[in-house]
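Next come two complexes built around subunit A: one with subunit B, the other with subunit C.
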Partner chain A sequence: MAALLRRARPGTMARGGAGSPAAILIMLAAALVFPLLEGANVAVMGIATEGLTYGLVTLALNLLMGYGGQVSIGHGGLLAVGAYTTAILATRFALPFIVVLALAGAVTGVAGLLLGLPAGRLRSHYLAVATLGFGVAVPQIALNLGSLTGGFTGLIVPAEQLGSITLGNPVPLYYLALCILVASVLAVRSILSSPTGRRFMAVRDSEDTAPAMGINVGRTKVILFTTSAFFCGLAGYVFALNNAIVEPGSFSFSLSLFFFAAVIVGGMGSVGGSLLGAVLLVIVQHQAVSLGGYSEAILGVAVAVVLLAVPGGLAAVPRRLRGLVAGARLRHPATAGAASLREEPPGPPSPTGAPREG
Partner chain B sequence: MTVFVQLVVSALGFGGIYALAALGLTIIFKTSNVVNFAYGAMATVVAMLVWTAQTGLGLPAALAWVLAIIGGGALGAASEIGFMRRVQESAPLVSIVMTLGMLLIVEGLTGVIWGYGPKAIPGIITGPSIAIGPVSVDRGGLLIVGLTAAIGLGLYFFYERTRPGLAVRAVAEDAEVASLMGISRRWVLTLSWAAGVAVTGAAATLAAPSVGLTPTLMDNIAVFAFAAAVLGGLGSLIGAVVGGFAVGILADLIAGYASANLQLTLVFALIVVVLYLRPQGLFGRAAQVRQ
Partner chain C sequence: MLQIEDLSLSFGGVQAVDALSLTVPDGIITALIGPNGAGKTSVLNVINGFSRPQQGRVLHDGLDLLSLPPYRIIQRGITRSFQNVALFGGLSVIDNLIVGFDHRSQAGIMRDLVRTRAVRAHERTARRRAQEVLEFLGITAIARRRADELALGERKLVDLGRALVPHPTLVLLDEPAAGLAEAQKAWLSQVLSRIPGEFGAAVLVIDHDMRLVLGVSNRVAVMDFGRKIAEGTPNEVRTDPVVVSAYLGGGSAGAAHGH
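Our next item is the complex of A and B:
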């Protein structure tokens, strides 16, 4: 899907938006004080931790899509691998939590590596199908490995202890999830500014010129999928503890769609946007849950509205507002919001979204 | 051997359904280069409309079918005019996400309107299976194969032998040049979406008696048919039909010899292997994959 992403030029959209240090500090402060307000409410804390978990998966997916130019509609499967690894380890061995967490990340990273191998060769919709297949296969495999995974009923995750703290309790788990998320955000940022991160973006920008700069495209994609999967594995650890049960039914195709939507709503190529998008969609989903089928429809409408009204996602909103203000000052409304997907310079349209020749 | 033949023959019904659904996907992809992820949910609406017309309004089956297919066409046209047209000039990824958004909207509203309980929808042809030697052939399956062949050939004739079909192919080839030739790209896209949803809707209605009519009727079928279209090479009519039957037979053989629970997993594993060896699918054009 690199070709499909190329015209979107993410990464350039986020600056000064939800990805700016100020915005991230505000979000962090809000996240830190949140349990002081709602800590007693178990249901709300569960949803808040889910927001952090899904935020981490969305960040991992955005690393893949927004910075690496690849596509995945199977990240729910990676979350499942992390969650199952956690549940299997926690039910069988008495390992310290940090070991379980690291193994959840590592095992999921290996799964991502396996997924990345064909991805190195596939593009566009064909890559989408491979990842889709992975996403639907993981719960099915879990269903068939009953002796390991508990089959249809799944595994009940025992509460883990860290000293005198029970990690399964809502507030400690929330803070643990927040720590993992913050550490992951810092890790993703340092990856992005490293040579590896620049290789990701070079592959995203052109799979043809990247090899000319000495970049091994296939290997870069495998590293990208492995890295993205590792963070999903960490999220899977929190998911397992937060849900207390890991069962195949939790990892439906719509979960993968949820992460995909969160990336778009938040803004491709924006770290802060990923978190914002995921948290917003979690809130929308839970607010609408009593509405039955409407909740699904509302999520769909949210996606459509963002695409039509703010094509750059939430991350582009501050920029667009600034653009509008500046545009009004200059009495040149046409220049407003130049940072949107829609106002890319109109190249010659090509039916496949990529030049045919070469 | 008899078991093998029987498994292949029983797979023809679902193979035809996958082929039809994949054809619907292909019709839209050919002109718009968008994989309509909402196609399963939209097709389910057609099956629901058949149920409403037949059971709710008491109309005869043939009339119910015609009305529902027209309804499906209207839904396809409306989604193109209301949503897809507005993101046409954006990055192609945006169009795909828009179809994902429509999937959520349509599936959600289907549940709200028709409820989640399974509904009975009568099969069109019922009656005992026909025995050919030791192999028994399901009458419904035969009808599905016949209908798939008819629609597939009809589409082939339309695209390759008629002037409107030529116009559609011109838009698919180069929309800008086609519009210089006086072909309305808007109409071609709108009608392609209408036709695509209508054809997939027929697949959904044929599947409903055996799968059970619920808002999630097409969930599995849509995934299999999506795999079929990609296996055959996106945008190829022949690829969609061959891919559909191949996936149907594969899935049936896996269910027969391994486990029904592993159908999706193994089908996808095989498809990933095929794509690894031939990244553009069986009948796809290599140029569309290379950059």
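Our next item is the complex of A and C:
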């Protein structure tokens, strides 16, 4: 798997493609007007909110995989921790929604911290197995902690009030999910362009030499897992309200697989790609409901196709298209000169005389 | 000043470093040369905390570096480059340079997230510093390129730049000239010889290119089979019969140069 993932070369910061500010603004505008078109359709709004929720988990996982270079196929478990935290708090205490939301993030962050401790010592497929174990264990634990979690039947989440607005209603919940997602995107972008974000990417690109640059690799991985888990906890809050019930059966292994696939399909190391990948796969999965057990197979096929055809995922498609256009121009004799001038980046000053490798 | 005292490092049955003592004075360039497998990189790895020796001490201004984890070494002002140029491939050149500077930022993730005044000030200082180093190296044009898109000559200079940005007092360079063309080596030796003057840093450099190493260094130590077999000025080392035989015995003709 590590070898496969290496094909999906992660990006630095968003440069063009689905991660560019323009693309993100277009997606935001579309998301804002969506309820005006479909607000009356409860089923569609539920799926749309699910898309935002899964988009947030995929973003969190992409922070871990695409920017931090770590693997997780257990992020469904983190979503479960956030959802259960929300459900337990909402059924037992009358807390303001923002407190529940913050606690869902914090508790899940702690779960991520615990997951990150072994991650400091494990690499690639060993880490994948450890996270898989976590993802499978969480719903099992929930099943066995009946007094707290409601066991097999789970917990019914009471609709929370924000003033006169019932947050459980489809349209308010959709907009709440959108607000949380937008805030999270801004937070992730802010982290990525800070010393912390550079440390994540440095560990991703060269774990062995990063210590020479003053990076405590183990600590960096723990921070990375904690941060990723925090955002999953926020998503868990929305998940709990959107599903209205939190039960072990909602967090099967295929959910973790879904997030993993969404990162690959959207593009490793792309913020916008994460959201696109998740939304696309949510749509595909709902279209494929009638196919029963084949929906996991569809995820697997989607990952394989993307890795082979567009290793950069959806985020890389615009860049690839530009490359194809430039390539066509290059081959065309009339414009070849101009194209090759554009293609040649300004090199370093000649004293280095660096020969360009192929 | 860095003092290596009676250092021994072995991997299984292989004695990589054998009772080595070496002083790296402040403000000058010290070269560590020797045939392949002489243990030169192992010495850098010990200084850097990457390898733990079985015996000996590495004192830096009186403090034993062996008590520090690798990521704390840079806080002592010691930076390094790597033989295999392990840049952070997905980062831009300028971000590669800044990573080593980031240990100066005291902010954790929360303050990075909300971009406190201190975080923004750090970011500005880091960029300005990286820009200075890019200018020193003559590679400002590639500042925004991705590191893994660069040619070898450029990567070598970026690797050197990473070691210069964090205001080092001692720079460890592992084969900075390996794989470079002659014109690039000429530029590299110019750059290297200016480091003590312009950065106030000592340099400990390993390389196989005798002409380059002996040209830029003030002191030279020669290793063979993990031991130090000679030490002195470049001229003394060049004519030392022990050195010459080590190199001729080792199959490299480099040290015969100057005879």
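Assume the second predicted complex is superposed on the first by the 311 of 358 C-alpha atoms of A that agree within 3 Å, B and C clash if a C-alpha of one lies under 4 Å from a C-alpha of the other, contacts with A are read in each partner's own complex, and residues count from 1 in each chain.
Assume a contact is a pair of C-beta atoms (placed from the backbone, for glycine too) under 8 Å apart; a residue touches a chain by one contact, two chains touch by 3 or more.
These numbers were taken from a predicted model, which means no experiment stands behind them.
**Student:** Is A:287 in contact with subunit B, with subunit C, with both, or with neither (first, second, both, neither)?
**Tutor:** neither
**Student:** Which partner chains sit in contact with A:199 here, subunit B, subunit C, both or neither? Use first/second/both/neither.
**Tutor:** After superposing on A, A:199 lies in contact with subunit C but is clear of subunit B.
**Student:** Please work out whether A:41 is in contact with subunit B alone, subunit C alone, both, or neither, and reply first, second, both or neither.
**Tutor:** Neither partner.
**Student:** By residue count, which of the two partners contacts subunit A more extensively, subunit B or subunit C?
**Tutor:** Subunit A has more residues touched by B than by the other partner.
**Student:** Answer with first, second, both or neither: which of subunit B and subunit C does A:153 touch in the superposed model?
**Tutor:** neither
**Student:** Kindly classify A:130 by the partners it touches after superposition: subunit B alone (first), subunit C alone (second), both, or neither?
**Tutor:** The answer is first: A:130 touches subunit B but not subunit C.
**Student:** Applying the document's definition of touch, where does A:190 land relative to subunit B and subunit C: first, second, both, or neither?
**Tutor:** second
**Student:** Quick check on the superposed pair: does A:216 touch subunit B, subunit C, both, or neither? Answer first, second, both or neither.
**Tutor:** In the superposition, A:216 contacts subunit C only.
**Student:** Between subunit B and subunit C, whom does A:208 touch in the aligned arrangement: first, second, both, or neither?
**Tutor:** Once the two structures are laid over each other on A, A:208 reaches both partners.
**Student:** Using the superposition described at the top, list the residues of subunit A that contact subunit B and also contact subunit C.
**Tutor:** 208, 346, 348-349, 351-356
**Student:** Can you name the residues of subunit A that touch subunit B in the complex?
**Tutor:** For this pair, the touching residues of subunit A are 1-5, 7-8, 71, 118, 121-126, 128-130, 132-134, 136-137, 140-141, 143-144, 207-208, 253-254, 257, 260-261, 264, 268, 292-304, 307-308, 311, 341-342, 344, 346, 348-349, 351-356, 358.
**Student:** Contact residues on subunit B for subunit A in the complex?
**Tutor:** Residues 33, 35, 83, 86-87, 89-94, 96-98, 100-112, 116, 172-176, 215, 219, 223, 226-227, 230, 234, 259, 261-262, 264-265, 267-269, 271-272, 275-276, 279-281, 287-291.
**Student:** Under the touch definition given earlier, write down the residues of subunit C that touch subunit A in their complex.
**Tutor:** Touching subunit A from subunit C are residues 48-50, 69-75, 79-80, 82, 86-92, 95, 98-100, 102-103, 105, 107-109, 112-115, 119, 122-123, 138-139, 141-142, 145-147, 151-154, 157, 162, 166, 181, 183-184, 186-187, 190.
**Student:** Would you mind writing out the residues of subunit A in touch with subunit C in their complex?
**Tutor:** Of all residues in subunit A, those touching subunit C are 9-12, 187, 190-191, 194-199, 201-202, 204-206, 208-217, 223, 227, 269, 345-349, 351-357.
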